[in-house]
Each structure stands twice: as structure tokens, then as C-alpha cells.
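Below is the structure I would like to discuss, written out as C-alpha cells.
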Amino acid sequence: MNNLEVRIGSLIFKNPILLASGTCGNGREINKFYDINGLGGFVTKSITLNPREGNPPPRIWESYAGILNSIGLENVGLQKFLEEEMPFLERLSTNVIVSIAGEKKEEYYEIARNLRGCKISGVELNLSCPNVEGGGMLFGIDKEMVKEITKKVVKEIGKPVWVKLTPQAKDIVEIVKAVKDAGGEAVVLFNTFLGLAIDWKKRKPVFKRIFAGYSGPAVKPLVLRYVWEVYEENLLPIVGCGGIVSFSDVLEYIFAGASLVQIGSANFRDPWIGERLVKEAFKYFEKERVMDLIGIAHKNYKEVEE
Amino acid sequence: MNNLEVRIGSLIFKNPILLASGTCGNGREINKFYDINGLGGFVTKSITLNPREGNPPPRIWESYAGILNSIGLENVGLQKFLEEEMPFLERLSTNVIVSIAGEKKEEYYEIARNLRGCKISGVELNLSCPNVEGGGMLFGIDKEMVKEITKKVVKEIGKPVWVKLTPQAKDIVEIVKAVKDAGGEAVVLFNTFLGLAIDWKKRKPVFKRIFAGYSGPAVKPLVLRYVWEVYEENLLPIVGCGGIVSFSDVLEYIFAGASLVQIGSANFRDPWIGERLVKEAFKYFEKERVMDLIGIAHKNYKEVEE
Amino acid sequence: MVKDITGKVILNNNVGNNIFLLCLEAEEVEEVYPGQFAMLSVGDEYDPFLRRPMSIFKRDKNRYYFLYQVVGRGTHLLSKKRNKEEIKVLLPLGNSFPNLNKKENVLVVGGGVGIAPLNFLVDYYKDQVNFYTFIGFSSFVSEEVYLDLKKYSREFVISSEDGSIGYKGKILDFIPKDLNTFDKIISCGPSQMLKLLVKRVEDKDRVYLSLEERMGCGFGICLSCAIKSKDKVLHVCKEGPVFCGTEVIWDE
Amino acid sequence: MVKDITGKVILNNNVGNNIFLLCLEAEEVEEVYPGQFAMLSVGDEYDPFLRRPMSIFKRDKNRYYFLYQVVGRGTHLLSKKRNKEEIKVLLPLGNSFPNLNKKENVLVVGGGVGIAPLNFLVDYYKDQVNFYTFIGFSSFVSEEVYLDLKKYSREFVISSEDGSIGYKGKILDFIPKDLNTFDKIISCGPSQMLKLLVKRVEDKDRVYLSLEERMGCGFGICLSCAIKSKDKVLHVCKEGPVFCGTEVIWDE
């Protein structure tokens, strides 16, 4: 077994470096820069049942060491995704996780049913969409809703299901428990944080929808905090995501308790970052196994304090 | 009336630029760099009833465009504060707000009683300390506790009371309502965010207390979001605090709904930042009044959308 | 093939009011065409975080020229770069201007630093195509900015809003009345200018515009740079930055 | 008076394994004493956010020298600065070494870049005091690093752990056995070295150490730089960085 290998649930990853949903297209674009089969895997751009045009411009805005985005889930919809993207995805020899989003519960289930027969590793539920049936609140902040959707998707798809959490949830640990109860195999911490930017020249919010998703290096300490807390509960494997730009960031996540990491915004700055991090991982883990170091900071902390 | 003047509650500020608690000592240090009477005011380092040594090193750690701190409320305690700092503070001709912290409710009240006779503008309650009587949870995340402490302090002190909120509270608007009900004159958004850093070389948390307070430019979009939300509720004047490093940041806060702003970590990089921002404010507000532009982005947004 | 090359600054001159001409020396990349752009990294650390899109103003073997205006933090940082400092550049990105045929009559209209991709175009086709070039600025720019355009165009007109160079006024006031005589019309500049220009052309399919939108990546993975076309969403970095006049809609 | 001066890089040389000697030209600031330090801004943007504390290695009118080791992001950025680039420097900060009396015999012990403040000290008092200087490095450093110390000391010993310069070994192995003969002992370097040195001196009040702790501000407002003394908390940037051997405790 290679030192970089990570098993979580029923999946095997050749290394812990994945790319995050919405930040690597559907693999093809990044594959022009390097062979994405060298990655532990990647998550496709969230798909919805019907095509979505996304939000009007501006869709992206820079803040200090972070970005705000309001893409609005632009995607071609399930049907076109199956026709145009799936053949490429099914030929890959790394883990492909398909991200699913919807504004109604039924949308998640229908997409799941349609993916059942596909040669993919599993799905990631993006529950950070407003639930149009439930008054516009995010699915992901309501533990009952998370449990219900996860359970049904697990049943429909017959493949590993990950749930990507939103940091807007008031009690993260409760949500992780819900995912576990429902049969999810891992939780992804996190989708973007809610943030605001004001265009001071125009004296109004930058984005049409006022708030936007905040990501990038700026959010790293906030996400790490929750990785630590969730790891302490010993509930489910954690996929860490937020602000990773360098290999030491990857180590911080693994030592804090993440089994795998996802690289998001950093792909925009440097399309080769995934490949580079895998190379650095090979060097660093020459004599040790990733699996033995997941959460090691907890052990080391307790030893010192006792 | 000068264009920069801001009135909130019973206080008048000659301009909206204040320095935040714990980031400007007790005024004296910054006063070596410029005359702090030129500021709208400043908030002293939080004092506790008894002296506190603070936390062991390291106490500060850098992240991307942000810092984590774990000072542990080092301070000389009420008695020495009254003897050594108060005479200087009472001679100032700008607003001096004294920040109060404690681990027991009674500590807040006793400090308030002792400050009653002092020539200060008011107090700011730092409720981001663990409540030792209440099992270590932060005072500031419990709306009943916030109400109780604020009410009693208002009574004891007979001066304006501001409450500084912690972003760790699950429902910020609820807390603001509690402050309003209890007679607080303003809310300060925010104290630091909970964050984590792992020392990847040592493979353990950087800080002895694991988590630390995250501040600096990285947190700005997160705080602005809440300034917007709280302003929409039209409950109490807002003092914005988090990540301000430039004058355009100040404008973002004011346009989003903050009546005043506090500058925190930026003082560490540039001790003159307060003076510089006041100068820029003079230039910018040559023809308009700050008071007329507080929250202007809400109005402008609604006009465009309708 | 898109490459991330490291360019050494060999020139970074102030050539107008907040306008700079930057030349980077780096490895020679194959197949870079007029209209394409690059993503320039403005610093090694993480603030600012994103790269900045810049049209290629000129390409001379292993030298790449950019003409840029200082508008915010990133371009300010760029303007501070001194000789020998290094800048990472992802290129070539995006589509390019349409191929021009021998002896075609092409009207070129540029506004401000929008002349950047047009300069590359004229330089590239200088021996084969008849260019009629009209460019406008808000204030004075030095000669290096328009030297090539002037030299390689049959007709060359420059204007400035404050009259400090060329005719006084907006450039659209000086372009030929009859636009039907041109085989192609190619333009880049402020969207207000593009909008008015397109309005004046009957056959919109003879007009090609280079557009701008805020970009996260520059190569199609973030979907930030969407603009609405008639029936679908187009991405400036992938389907553009050059669009045919028929593709673009100008409401909002 | 503490000032924020803008220094122009006029030298930034690699003088050892990850060690650099930086010289900045700026305005002349009054009253800068040996042992004091500066806070160097490593970039104009907000990542990295904080300034970096650096001892003053030498001061020559309007020129300020720093000797630093690249250990992380900030010092890496510093090492990339080229001639003419500007660096903002807050100085002078902290207390300073004690005044030295004429003809005193002073033992100077430095480890690695910890020699920086000692160099300023020896340069400052060179005509009046008898210095016995012992400095150690882990590997090779070029002569510019210790030229002054060598020239102005009665006795000068240098060692390196890998033997590539001077004696092979740690510098504490080479200092005189009898430390009672010195009027003062002044040291700066790794805390392990300081600890062992202090142990060997009987009268701890003749020892002066320059200490380090992580700093947020450098001038007393953030309380990051606290160290525990016997009965109270001391702040390296305010009460220090120079402490008397009696003040410091070395548990933990």
C-alpha cells in the first residue's frame, strides 16, 4: 500500500488531494494542464435537474486574501451533463464525485436515480441552496432536512454519499450526526461562508443578491476550527475544504483531523496546484502514511497537556 | 455641526473613527504617535476585577491576511487601572469607552460601580469571556445572560453602555434585541472569530488553548454581512469592527449601516492608521455628512431593485 | 498550449495618465494570436489573490508587451514593478480576432487601453491588410502607445477628450460616416463606446468586439465571466474575449 | 521618537546559509542605541499582515543594517527585495543594552543571527571598551558578517557546528572557563544557548540578554510578546528586548 493512500468509507483514494466542486469545471479544463488521474479525485461542478443560467454580473469580487462569488449554480442541467460530460468522466481512473444541488428535495432524488448506473465513485450533496419549498432557508442548516435528503439519496443511488456542509448551520456537530444517521460516508467542511462587499464608489452592494460566498485563504482558520471540533466527536471521516493554497495548509488540515482535502479557489490562481500538492505529498510522506497522521494534532496536544 | 460628527445614543463623536479594545493599549502608547484627541474615540483594553497574567506564549500567530491571538485578557485589574490609567484618560478630550470583562456576572457589576464616578464616556461590555459559573460557555452567546448583565450594568453605571458581540453567537439579531431591551445604547460588531492554527512542524495546535481569536482584513466580508443584517432590523446603532485597514473599508462599513467604526489589528501594522483615516474622512466628507450616509447602501439597493 | 511563464520586467513605463507600458522577457510560447489575453500574477503572496486579465499588446519572439491602466490594487502593484522583477503570466488565453484576408479593408476603433489587442492585430497583419485606425483617449498618451498603429495603418486618427493629443473629442465623432465600405470592423474599449459603434453598423456580423468581464481564472473553470448572449450564456474567457456583433446584447 | 521611515534597499546580500545582510538608506533618526530593534514591513498589501521585528545590526548615519535569517514567509519576501525597492521601518523600538563604562571588560557571546544587536554594540563602544567576542554559527558565513566584531574585539573567536568556519563546535565550548573576570556578559542567540550561558554565571546581574518573542506590534499595544519573569509578566518589546540575567526564568 502506498503511503499516500487514504480509505474513507468504501472508497480508496491514491492520495488525499482532491479538487473542490465549482472550482475545476468538470475535470476537462484542468486536464489540459496536467493529467487529473494523478489526483486523489475531484468533485464536479454542482448540477441541478434543469439547466441554470446563473446570476448576472458581477459574479466575483476580490477581498483581502479571499474572494466573494455569486455564480448562481450556472450549469447545463442533468440531461446535458449525462450526455456531454459523463463519457469523459467515466473514462477517468481517479475518483470522480458528482456534486448535486437542487431547490426542491425531489430534485436531489431524481438526479440520484439518474446517476445510479454511472461509473462514478459517489456523489456530494451541495445543501447550500435555498429550499424553495421551505421558504428559502438553506437545506443545509436544518438537520431534519439534511437527514431526510441524505437518507433518500443514499437509497436511490447505491453509491457513497458525501454531504457538503455550509458554515451557516448553527450547530455543525448536529448536522454531522444527521449525516451519519442517514448513512452518509463523509462530511465535507465547508462550502463558502456568507459574506458581503459594498462597492463604495456606487454606494451599494457589489452583488445583485447582496450576500455572496466567501472563500480563499482568509477562511482557513475558521474551517480548521470546525475540522478539529468535528474530529473530536469521532462521527464520520472529514473532507477538509477552505483556503488551501500550500502544502503546509494540507498538513494543517490532515493533522487537525481531515482524511482528505479539497482545493478550491486556489485553482484559479494556479491551475497546476493540484499536481504540485500531490508531488509535495509524495516527498513529505516518504516514510510515514497519511492514514497514520490524520488527526495527529489531537493526540500530540493531549500528551503535552497531561 | 461638522460633517464628520456622529451622534449615537447620548454621545457625540467628532468623527466615526475609533480604535478597538485591546489594540490601542490604554491610549497612552498611541498618543506617542499622534494626538488621540483627534479620534472619534477609543476603547481601552478590557479590564477585569482582578489582575490577569494572560496566556503563555505564543500569543499571536499569523495567517493569510489575518492574525490569531490568544492574549488571555492580560491586564492590571480594576484597582491599578483606576490608579494608573484613569487620570490620563480623564484628561482626554475625546470619547473614552472603558471595556469591561469578567468570568462571573458580579465582576461586571462591581467594575461598573467603580467606574460610575469617573469622567469617561461610557463602557463597552466584552461578553466574549467564558462564564465560569455557567459551565464555561461564553456570556455573549446566551441572550438571557446578555440581557441580564447589560441591564444591571446600565443601572449600576449611569452612563452609556455598549455591548460588543461575539460572532460565535448563533443568532446575532436575537442578541441585539436583548441588548436593546436591556437599555444598551449600541452594539459593537464584532469581537474576534474563533479560529484554529496547527503548527505543522510540531504537529499540534499553535496555541495552548487550541482555539484563538481571528481578526484582520480576512474577516471583513463576514462582519459586513452581519452589519447589513442587523441594520435591516433597525434596532440599535451599530459600531462596526473587523478587518478595517483602509478608508474604503470604513466607507463599506458606514454604507452597510455602521454609525461608527473601530480599528483593531491594523494599529499593529501602522500605529498612525487612526489619524490617517480621520484625515481621509475629512477629505471625503467635505460636502456630505456622515450621518446622512449611514446605511445608504440599503436605500440604493432597494431603489435599483424596485 | 497554455503555459505559466515567468517574465522578467524589462520595461514598465508611465506612458500617459495612469497608463503604463510593460514589457516582459520570458520563454517563447508558440501560437499566440491577436485578441488573446494573459492572466498576470501581481504578487507571490495571497493578497491580492487573483491574477489580472490583460490583453497582449504586442508580441516579439520572447517579449510580451502589455498596455495597462492603473485602476485598483492589482494594477497599482503592477505599476510598482521594477526592472528584473519577475511576474508570472498564464498565456495564451481566450479566442482571437477572426482571420483577416489579404487586402481586406478593416476599420479599427479603440478606446483607451482598449487599443491593446488592436495593436497586436495591426502589427500581426500589417503587411497584408489595409487598416483604418481610429483611437481615442481621455488625455495625453506618449507616442510609444500608438506608434505601431500609426505606422501600419492606411489612415490613422487619434483623439482625446481634453484635446491634449490629436482631435478634441470622443473617437466615435471622427470615424467615417459610411461604415459599409469596410470588410470588417474591429473594436475594443469602454462598453458605452462599443454599444454606440455596433448600433451604427447594419450588418452586425462584420463587427468584432473584444469584451471584458470580471474574471476569476481566465480559462473556464470558475464561470465568473459570464455575459448574456441572445439565447445563451457566454464566457468571456472561453467563448471570448472576441465576440461577433451578432452575439452580444446590450440591455441592462 | 519612534518614526516610520522608508528605507531604500542598497544591499541585500546572501552572506551565509539562508542568512542575508540588508542595508537600507533612509532619513537619519536621532537616538538609536545598540540593542534596539525595528519593525520591518515586508509588503504593502495585507498578506503577510504583520511587520517583522529585527535587531539593528549596524547604524551608519542614514544607513541601517540588518542581518537576518530566512525562516518563514516574511523573511523570504525580504530576501527577494532588490536594490531601490522600498521597505517601511518603524524604529527605534525597545530598550537597549546597558551603558558600558570606559575600559570595562565585556564578554560578548552570540549565536547565529543573534549577533546582530551585538555587532551594533561593539561598533558603538569600540573605542572605549574591551570586548571579548565569541560567536558561533551552524555553517559558513562570509566575512562581512563578523568583520566589525573581529576588528574591534580584543579577543575574537568564531566557531561553526559543521566546522566550515572557525573552530568546529558550539560556541559555548570555546568561551573562557572563568566568567568572573568580566565586568559584563552580553549575549543574544538561541534560547538554549542563553539558558546554558546564564547557568554558568554566578552573579546573574552581570549578564544581559537580548530575547525574542513573537510580536504583533513592537511598541506595547498588543501584549503578544509577554514572557514570565519571576514575579510578573514582562513584554519583550517594551521592558526588553534586553533583560538582566536576574529577570529571566527558564522553566518550561
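Read from first to last, the chains carry the letters A, B, C and D; within each, the first residue is number 1.
Going forward, a contact is a pair of C-beta atoms (placed from the backbone, for glycine too) under 8 Å apart; a residue touches a chain by one contact, two chains touch by 3 or more.
If you want to know which protein each chain is, UniProt gives these names: A, B = Dihydroorotate dehydrogenase; C, D = Dihydroorotate dehydrogenase electron transfer subunit.
All of these numbers come straight from a predicted model, not from anything done at the bench.
Visitor: Hey, how far apart are subunit A and subunit B in touch steps, shortest way?
Guide: Tracing touching chains, the least step count from subunit A to subunit B comes to 1.
Visitor: Quick one: point me to the chain whose Cα centre is farthest from that of subunit B.
Guide: C
Visitor: Indicate the whole-number Å distance between the mean C-alpha point of subunit A and the mean C-alpha point of subunit D.
Guide: 47
Visitor: Report the inter-chain centroid distance for subunit C and subunit D in whole angstrom, where each centroid is the mean of the CA atoms.
Guide: Averaging C-alpha atoms per chain gives centres 52 Å apart.
Visitor: On a C-alpha centroid basis, what's the spacing between subunit A and subunit C, in Å?
Guide: The computed centroid separation for subunit A versus subunit C comes out at 36 Å.
Visitor: Residues of subunit C that touch two or more other chains: which are they?
Guide: 45-48, 73
Visitor: What positions in subunit B touch 2 or more of the other chains?
Guide: Only 64-66, 216-217, 245 qualify.
Visitor: So what shape is it, when you link every pair of chains that touch: line, ring, star, complete or other?
Guide: Drawn as a graph, the chains make a fully connected set, so complete.
Visitor: Report the residues of subunit D in contact with subunit C in the complex, numbered from low to high.
Guide: Residues 43-48, 73, 77, 80, 82, 84-85 of subunit D touch subunit C in their complex.
Visitor: What residues on subunit D touch subunit A, complex-wise?
Guide: For this pair, the touching residues of subunit D are 45-47.
Visitor: Which residues of subunit A touch subunit D in their complex?
Guide: Contact set of subunit A toward subunit D: 64-65, 217.
Visitor: Which bits of subunit B are touching subunit A when the two form their complex?
Guide: Those in contact with subunit A are residues 63-66, 68, 170-171, 193-198, 200, 202-205, 210-211, 214, 216-222, 224-225, 227-228, 243, 245, 248, 251-252, 255-256, 293, 296-297, 300-301, 304.
Visitor: Tell me, which parts of subunit C touch subunit A in their complex?
Guide: Its residues touching subunit A are 1-2, 4, 41, 46-51, 73, 90, 213-217, 219-228, 233, 252.
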